[in-house]
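Each of the next two complexes has chain A plus one other chain: chain B in the first, chain C in the second.
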Partner chain A sequence: MVTRRLIKRLLLYLAVLVFLFVCLFPFGWVLTGSFHSLAQIMEGQIHWIPKDPTLENYIPLFFSKMGIKNFPVYILNSLMIGCATAVLSSIIAALGGYGLSRYEFYGRDVLSRMMLFIYVFPVVLLALPINESMAKLRLVDSRLGIILIHTALAAPFCTWLLRSFFDSIPKAIEESAAVDGANKIQTLIWIVLPLAAPGVLTAAVYSLVSSWGEQMFASILISSDTMKTLPLGIAMYTSEQYIEWGQLLAGTVLTFVPLLLIFMPLSKHFLQGFMEGALK
Partner chain B sequence: MNKKQATGLLYLAPVLILIIAFFLYPSISIIKTSFYQTRYGINFNFAGLKNYLVIFGDEVFHASLVNSLIWTVTGLILQLTIPLGTALLLNQRFGGNTFARATMLVPWITPSVIIAIMARWILEPELGMLNSILLRLGIVDDPINFLGSTTAALPTLIIAQTWQFIPFGTLLILAALQTIPRALYDAMKVDGAKPMQLFRYLIVPKISPMIGFMVFLAFVWNFNVFDKIWLTTQGGPVNATMTLPVLVYKRAFKTFRMGQSSAVGTITVVGLIILGIIYFKYLWKPIKQE
Partner chain C sequence: MRLKSKPRRLTCILLGVAVLVLINGVAFGADKVKLTFWHHEAPSHRVMAFQKAIDMFEKEHPNIKVKQEVVSWGDAWPKTLSAIRAGTTPDFEFDIPDFNLSAYMAGGIIPVDDIVKEIDEKYGYFKSNVGMYRHDGHYWGVPIWTMVFTWLYRPEYLKEYVGTTDPPKTWDEVLDYAKKLTVDKDGDGKVDIYGIGLTASKSLCTQEFIWSVMTTYGVRIYDENGKANFNTPQTVKALETYKKLWEYAPPAATGWIWGEIEMNFAGGKIAMMPYFPALQKRFYDAGNLDLEGAELPVPGGGQRSTIIYPNAIMIFKSAEKRGVLDEVKQFIRFIMKPEVNAILTAEQEPGGFLPVTEKAAESQAYWDNKYISAFKNLNKVAVNEVKNGTLYGFTHGKVVNKTIGDVIGANTLAEVVQKVIIQDEDPKNAAKWGHKKIEELSD
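Showing the complex of A and B:
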């Protein structure tokens, strides 16, 4: 009986490990590849643990005198656009989510559903007209233009997410704050928002993650090299004839690692936030 | 409308303005463009249904429609059944549970650009890991050009897409499974229920709202894929991976046929609206957590 349970236990762990391996091995393979020399890569001599690990793929990203010189600038651009998007979209979503949660008005449920429904449409359909509007507003090839688009892409989902967070905060808390003489905005900022902090954080992280990886609008709107974001930057190491594998892999690692560092500590909140949004 | 209602809408104003400017107005704009003949976005000439007639007679459009259907439906089936299996398997307490969950989210948050590069790196015919394993095991004699062959490219991308969804789908179903109290299982087992009966009468009713949500999520997520396809195959080889979103992009930004692109876009929007209305009217049931 005891051995049977032990075997069952071991099988479970084995299953978990296999599953996690399947989920993660491509990341590991890119990571280890980035520490191999170009010669080893081109001979297909990649090992899980590099025989003589090298930084030769990483150094040109930062100190190249020719070819692609602006990799650090791409990192900075992605960081600026991502953070601005995160701040802007969580503010907008907090207001919207609060409005949906606390006020009853005609069409509230329709609006609430719309926050999700709009994602039914492929964003690629929107690219052409948005490109034209941005040209009219002279926001082509600017960070502000990209920030606006990324905010528009993330904010409705975050609004939907935050509504459920606000719904789970009892109204009585606000009523007692009102009795103490706080006005609506004060109550929202000092009482409700701190209680919904995990939700707001989730919204901010979601916005940052989606902005960081967004490629299509960035590629349509940005033309000058110093405005490019990381997804556009690493794409420059590939062309139809030739792929600069060493630097491409190193660039991919540098694009993904910051995202993981920001996301992993918050992944629990993200999952919880998503579940609460989905389950309500 | 009283004052309180107006205040509620005021809170929603910023997000509504964004939706109008970046979703609603562009949607109307592409419908309009689809009836015009355009050159580089200017020189409008009313063209009536000409763009639509061209598109309906276009073999590439037919191929995209079929590919989109295959892409979405196969993806959906794989992405619902596999996570259901893994979730049932993993629905037990074990050490490192939190860590496992956090890691399972990683593929889901991975940007498409990175997925595309990973796929190209692993599937590369000459240098790739997968081909080297297949060759060494003697399963194939010549390397397979996974992304470069007309027969292999679409299934390969569907598998990559499914791989990305499985862990997240598993997490979603796990969350639904965990709302079932352990006592209910025990009670049914005491009454002599077999595993199949447990599945049919306890698990299925409890997780079906989550499955319904996942149908929506996975449908949208599959159908709308553009960048993963564009950055791996650009819809090729010979339109083997050309789906509707990829066609919309290619016609608009590579061959500059804005009118045709908009016509494909409009057909897509109308199709999706019909599907969306059916979904929200008949299938959408808000999930209640107990």
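Showing the complex of A and C:
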């Protein structure tokens, strides 16, 4: 019995290890590759532990402005757009989720389901109409345009997620607040939102992550090099007949490191939020 | 009182600065014409070469400000077509023939007959490169530079394993060479050098490789009337040759595109291949001069040919609408001056981008470039090959079927190659399948 359980556990660990290896191998390879010289990369002489580690791929990204490439600006743009999207999505999702949770109106459940149903459609179909709408609003090639689109992509899911959280908060708490003289907005801000904090945090992190890696709309809407986000910036190091391998690898590392730095301390709350949102 | 006067003084200063900036803008900036263009050459040294040409132009034309914006090739089609629809195009954009057709069919560009004629008279276009932009009685693109496939090889490898540094001249010789050049150097049972570099991925890269063989067999995707003409004995022979050559290519190459091929050739794992001579920069920068180039091999009784990609400028309707057409033409005239054109060819991507006019090809500025002069023979071959080149679907000196962009965009030629190489189908069946698909896409 004990042996059987032990074997089961070992198999489970093995499966987890294989899964982790498959998931992490590319990241590890990119990370170690970025510390090799271009000559080593070109000759395929990449080792897990670099023999002569070098920063030659990282230095030009920060200290030499090659043409119109400006990596720090790409990071800054992604941070600005990602953070703004996170804030905006969370606000919209909090208001929308609260409304769907607390107010009964005709079509409420249909609307709620539609929040997720829109993800069934391939977003590529939206590229043309969104570009035309943004052109009419004069928001092409602007950070605001991208923030609005990223928010529109993330907010429905966040709304659905937060609604589950609000549903689980007893109405009696709000009624007590009302007795104490708080209006609806005050109740939402001071009573309900703090109770749904893990959900709000999850929604914000989800929005940030999805904005950080979004490439399609950014590539269609952004043209100026000073407006480019990280995915667009990274693409600038590749070309059909010339790939700047060293800087591409270093740039890719720098793309996922800031996100890891933001995500790792919050990962526990994020996963907890997701689980609770799904269960409630 | 003091507390109140400080913010007021600050406001006054800020207002003053704002007024000065405004006056400065009106006085010195408002009469400047601003041009914006998109190109697709992301590597840093190419961007810098563009900027150098722009800076020279702006110095000569202080009333015009030019801004380059890089759009990667992968995003070029969707971004441009959606910009045409939304009315957010730049003033002009660099393109290749099938991309130009897509922009034309989307109704975004204007004819450029006058400027093409002017440049042709002044500098003499290589005819093989201009016709690809002509249809419906007009030219729709102004060729600026071109790209060409040559037969690249490592002379030291040939010397060591074939016993000569002379490149193969026919496909049969290539097979013989490739066999000798596929070598297990250390006897560990693993091949260390492969005789030839090819690919069979579902990509534009594979289409370039197969076309470099097909064109020497005289394959034409369409006949003169624009009807599909793919299922021919020439196509079958070309596919058979590709299949035979594949025996000496790295097995993993079924998924390769440009990056992997370049890396393996530069890394010494491949001895020969049809490719752009642009690799010379990598070799030179690494201090390795073991690189040569020759004309593409031909089949017995075949025709000398290669694949070329003239890169042109298409002018958008928006430039006409904004009233900046003259300024755009001034810029084109400027960059077509042979000494300036050398910046966009030799300096921007030595061996990768080649002159498209006779005068530019003779220009000292081109040949004096350090890379070009280091690989002089290779570059002479490349410049000469520009005259012999064709591009899939553009083999009649003009556009005969405007759906070629769809055929290439759907990776039809690459799929034909995959049928032969990966699915091991009979080349006759693959040619038949390709013909049918081209017909379907042409409807």
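The rule is short, and it goes like this: the second predicted complex is superposed on the first by the 254 of 280 C-alpha atoms of A that agree within 3 Å, B and C clash if a C-alpha of one lies under 4 Å from a C-alpha of the other, contacts with A are read in each partner's own complex, and residues count from 1 in each chain.
Here is the rule we use: a contact is a pair of C-beta atoms (placed from the backbone, for glycine too) under 8 Å apart; a residue touches a chain by one contact, two chains touch by 3 or more.
No experiment lies behind these values; they were computed from the predicted model shown.
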item	value
Three-chain arrangement built on chain A, chain B and chain C clash or fit	clash
Partner chain(s) touched by A:76 [first = chain B, second = chain C, both, neither]	neither
First (chain B), second (chain C), both or neither touched by A:127	both
Touching partner for A:223 - first (chain B), second (chain C), both, neither	second
Contacts of A:15 with chain B and chain C, given as first, second, both or neither	first
Partner chain in contact with A:235 - chain B first, chain C second, else both or neither	both
Contacts of A:263 with chain B and chain C, given as first, second, both or neither	first
Contacts of A:244 with chain B and chain C, given as first, second, both or neither	second
Which of chain B and chain C A:151 touches, first, second, both or neither	first
Comparison of chain B and chain C by chain A residues contacted	B
Contacts of A:119 with chain B and chain C, given as first, second, both or neither	first
164-172, 200-208 or 290-298: stretch of chain C that collides with chain B	200-208
Touching both chain B and chain C, residues of chain A	41-42, 44, 127-128, 132, 220, 235, 238, 243, 245
Complex contacts: residues of chain B adjacent to chain A	1, 4-12, 14-16, 18-19, 21-23, 25-27, 29-30, 33, 41, 86, 89-90, 92, 94, 96, 98, 100-107, 109-114, 117-122, 126-129, 132, 163, 166-167, 170-172, 175, 210, 213, 220, 223-224, 226-227, 230-231, 244-246, 248-249, 252-253, 258, 261-262, 265, 268-269, 272-273, 275-276, 280, 286-289
In the complex with chain A, residue positions of chain C that touch it	36, 38, 40-48, 50-51, 68-75, 78-79, 82-83, 85-88, 90, 147, 204-205, 257-259, 262-264, 266-269, 276, 278, 282, 286, 349, 352
Residue ranges of chain A touching chain C (in the complex, touch as defined)	39, 41-44, 66-69, 127-128, 131-132, 134-135, 140-141, 219-220, 223-225, 235-245
Residue ranges of chain A touching chain B (in the complex, touch as defined)	9, 12-13, 15-16, 19-20, 22-24, 26-27, 29-30, 33, 41-42, 44, 46, 91-93, 95-96, 98-100, 102-106, 108, 111, 113-115, 117-130, 132-133, 148-149, 151-153, 155-156, 159, 184, 209, 212-216, 220, 231, 234-235, 238, 243, 245, 248-249, 252, 255-256, 259-260, 263-264, 267-268, 270-271, 275, 278-280
